[in-house]
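Could you have a look at this structure, given as structure tokens, before my questions?
The letters A, B, C and D name the chains in turn, as written, and every chain counts its residues from 1.
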Amino acid sequence: MGLLDREFTEDNIVISKVDDFLNWGRLSSLWQVGFGLACCAIEMMATSASHYDFDRFGVIPRPTPRQCDVIIISGTVTFKMATRVKRLYEQMPDPKYVISMGSCANCGGPYWEHGYHVLKGVDRVIPVDVYVPGCPPRPEALLEGLMKLQEKIRNESLVKKAIV
Amino acid sequence: MKSTQEIYNLLKEKFQEKVIQHLNTLPKEEVIEVRPESINEIVEFLRDDKELHFDNLILLSGVDDANGSKNKLEDGTEEITGGTLSVYYHIESMDLRHKLVLKVSAPRENPEVESIYDVYGCANWHEREAFDMLGIIFKNHPDLTRILMPYDWEFGYPLRKDYRNPEFYQGMKVPY
Amino acid sequence: MIFEFFADLLGSQILSAIIIAALPLVFIILYVLLANWLERKVSAHMQDRLGPMRVGWHGWLQPIADMIKILQKEDIVAKDADRKLFSAAPVLVFVGCYAAFAAIPFSSAFVGADLELGLLYILAVSSIVVAGILMAGWASNNKYALIGAVRSAAQIISYEIPTVFIILCIIIVSGTLNLTTLSEQQSGTFLNWYILGGDVEGWKKFALIPFMFIGFIVMYISSVAESNRTPFDLPEAESELVAGYHTEYSGMKFAMYLFAEYANMFVVSALVVAMFLGGYQSPFGYVGDLINVPWLIPIEQFFWFTVKGLFFVFVQMWLRWTLPRLRVDQLMALCWKYLIPIAFVNLLIISFLMIL
Amino acid sequence: MALKTEEMVLNMGPQHPSTHGVLRLEIELDGEIIINVKPHIGYLHRCFEKHCEAMTYPQIIPYVDRMDYLASIYNEFGYAVAVERLLDIKVPERVEYIRVIMGELQRIASHTVAIGTYGLDIGAFTPFLFLFRDREKILSLFEMTCGARLLYNYIWVGGVSHDLHPNFLRQTKEFINYFKPIITEINNLLTYNKIFIERTANVGILPLDAAINYGITGPNLRASGLKWDLRRDDPYSIYDRFDFEIPVGKGWMGTVGDCWDRYYLRILEMEQSLKILEQAIEQIPDGDITSAIPKRIKPPEGQIYARVENPRGELGYFIMSKGGLQPWRVKVKAPSFVNMSIFGDLCRGHLIADVVAILGSIDIVLGEVDR
């Protein structure tokens, strides 16, 4: 649509400065979808609460996916839920990021073998940026996952990657 | 407060052949087995009788007895034919402080049990769950649909011992 | 005054008018950034947290980062939405708030349009917001948005009635609808503010104080309701209606609602300040008078007005993070069963007092 | 003559800020008034019962944790009681005390979340964060004991996994002293707030006969006026040694069994839990933390139903053994599942905002509803 959607073929100082500026905005204000699935959601709530305070990083929960940047898949994704998770992801506006929190969302966790109704890894439905291991991950682990995501955003660029 | 034996005698007297037997050989819990088509009138009597007054259904659980003939299929899994599926009813009286376990068994091929949703309100969801998990059909139930599994799940009843997982559900791979 | 200044400087009235029109916009943007940051810090400290900390000193760059991010976001219009109305609604909502700023007297030297009917104008213009919200709710083709919009319309229209009654009280006492005149009448010290009876002479002043105080409370409650803040934030009640009428909005369109919400908070606070708390007048007199520097006075007035306005904005935040939310029928009951009768009786008593 | 209106169907969830997880409510509306609510559950069905049939008895404990993730200790407690009764073993005295202390701490932790999120549902944000701050203190006590914050795997069949940390009892005492004023603070901030009372009193009234008929248990049943607490009425472990009261709903602000009663009962229960904790800390003896049980737990053929008083109500395990290493069938009586089944009836005729209030007041955990 606009200038920002275009990819540039060569790098220069202006573009990389603009990159830094835009990336800084994106990584400092990651609004999360206020959405919890299972046990990890409680740890996610604990992360937002006073003791760990997600808001320090500029992360606030928004109730509607339309105004969010990051979705934290916090818990077991079942087949009944998987279609909804996918729908939710599709409703978010670009640029959007996914943090998969906890073993269940990463790979099915303890339910990998006999879980006839458990999706073994949310990455079978939506693309995942950061995996946070643990069952459930401690709030510190989630914070680290968020910082990993920020690192990833920091290295994004408007310059088209050369095809090697 | 009444023991299971006393209640069994009472029931046998009133319902005759609708009450099948009193199982008290196994440890821990005594069970009264009744006919699946008359469970509704029996629990209604148990609830309304002043002496018994079983006002609370604690739990309704379906069990796959897996006592039919097992034949191995080519892919290594088992299929069970014949035998029974059972439903256990744990009921208690909150003021008289006695408990009772009822059991009904129905043939696996046509597991029909009378619904008791009109006697105990919470039986409604419990029965739906038993239907969802084991395929036990509760007659006269107002809304016997799947409750936990997706409504369009057509791969059988997961808690049956011979349940086999599908390969894909709506394009999503099911096994690990 | 500023208008004449620019007109002399540039030699063109049109250019000067454009500058004057842009000034409130600059103010709104700066104020929204500040208020947004303040809201997050205030809420955080009330809740034993720190709030934004990572960008700048105590996260003061947070709203700027938010804005940069929102600018980059995809602008989604749902397939079944009414495209034209969907795009027009946020503009309309913002215009409603922005237009209200035209008549707000920031200082004796700067008021966008010194209207004779200033009070009435603000009241009328801010009703455009309702139209915008209704459009948003309808055009989104989303049930939550629709319910939120209908609630909002009902709420804002109902709460305008007690507001008008209280404005009538002020008119009876002051005899003017012009906000600048209203402020000028309250000059001197804070004893001349209308909440303390204004410049009325004799015993009447003391008789007026309790009723003015009631009027102030009613006015403030209904103005909080008009700006859709907790405990009256039903149109966007998070736990019931997801995000209410702006559920479907993303990117800059959502940012416009955000701007409008904060701007609206200031408009209603400014109205309360102008009516009851001396407008732009200082409570104690001016430094400019003391040291005989006349051009300092308008700047001081601007300072006092902003401080008073921001204080009431702060009170709104305070309420938001303390109180639970009312239910829709209780909201209406509060308005129709309590506020309107109180305001009406208040009006009668004040009129009676002024006739005497 | 009434105008003809069309009903609107509103879908709440599975992603909705106040459905406490992944619950979907299909609400038929006439304007803002509810005609019918149909809950759709199962979005978190994690096949617990199937797993039980494939695991050995001790292996089931971590899965039990993940059922009601706000009261994990209590789930383990109930499971351990059931298996121990099936095996006919008695656990050492110290273990019983540790279990009770842990269980009551867990009850307080669970109720803080229930109360906090209830405030959130009504629109008050701050109590939620205050209570989460205090919950962290309980979690650090758990962490000190078994190294986990949420899912503990602590209570094992025949014992517990670790003995208490030497500082545990002192810090628990400190916590009790810290938490008592917090209850007063929450009362001032939320419980007696006029708006909060207006929103919750006389809303979602659950009459006692309906509650019994629907098998409602726990605080929800007690709020309807029946003094029924399994810690008293079907004692397990050592609860008969403690002196505590069972609060019942009295309709303080409105009718018996309304949302405010259910909410306030949880606060009263936290006070009683503190009382039990104080006594247990005084009385705890030294001793073993495991009883002599075989490595391979293999109960005889038979069946058992054992139940405990979970923060949400009666948590029961129906375990059927056919003599193998794995149970033949484990069926859980999940209090949230049963409490949820009356939800549709409670909501009828109320407004949309009340759905949220009622749902919050019956305090469900979706992990347990769906298992």
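Annotations
In this text, a residue touches a chain if its C-beta (ideal position, glycine included) is under 8 Å from a C-beta of that chain, and two chains touch if they have at least 3 such contacts.
The structure displayed is predicted, hence computed values, not measured ones.
Chain-level centrality, scored on Cα centres against the all-protein Cα centre, points to D. The chain with its Cα centroid farthest from the Cα centroid of chain A is B.
Chain B and chain D have Cα centroids separated by 26 Å. With centres set at the average Cα position, the gap from chain A to chain D is 31 Å. Inter-chain centre distance (chain A to chain C, centres taken as mean C-alpha positions): 37 Å. A separation of 45 Å divides the Cα centre of chain C from that of chain D. In chain A, 49-50, 63, 80, 113, 116-117 are the positions where the chain touches two or more neighbouring chains simultaneously. Residue positions 148-150, 158 of chain B are each in touch with at least two other chains.
Along chain C, residues 47-49, 238, 242 each make contact with two or more other chains. You'll find the chains touch as A-B, A-C, A-D, B-D, C-D. Of all the residues in chain D, the ones that touch chain C in their complex are 8, 10-11, 16-18, 32, 119-126, 129-130, 133, 189-190, 193, 195-196, 198-199, 351-356.
On chain C, the positions that touch chain A within their shared complex are 40, 44, 47-55, 59, 61-62, 64-69, 71-76, 238, 242-243, 246-251, 254. Looking at the complex, you find that chain B touches chain D at residues 26-29, 31, 55-59, 61, 63-64, 88, 90, 94, 97, 99, 101, 120-122, 124-125, 133, 146-150, 158-159, 161. By the touch criterion given at the top, residues 43, 46-49, 143-144, 147, 230-231, 233-234, 237-242, 321-330 of chain C touch chain D in their complex. Across the complex, chain D meets chain B through its residues 41-42, 45, 47, 49-50, 53, 85-86, 210, 212-216, 226, 228, 233, 300-305, 307, 314, 316, 318, 320, 328-329, 331, 333, 337-338, 340-342, 370-371.
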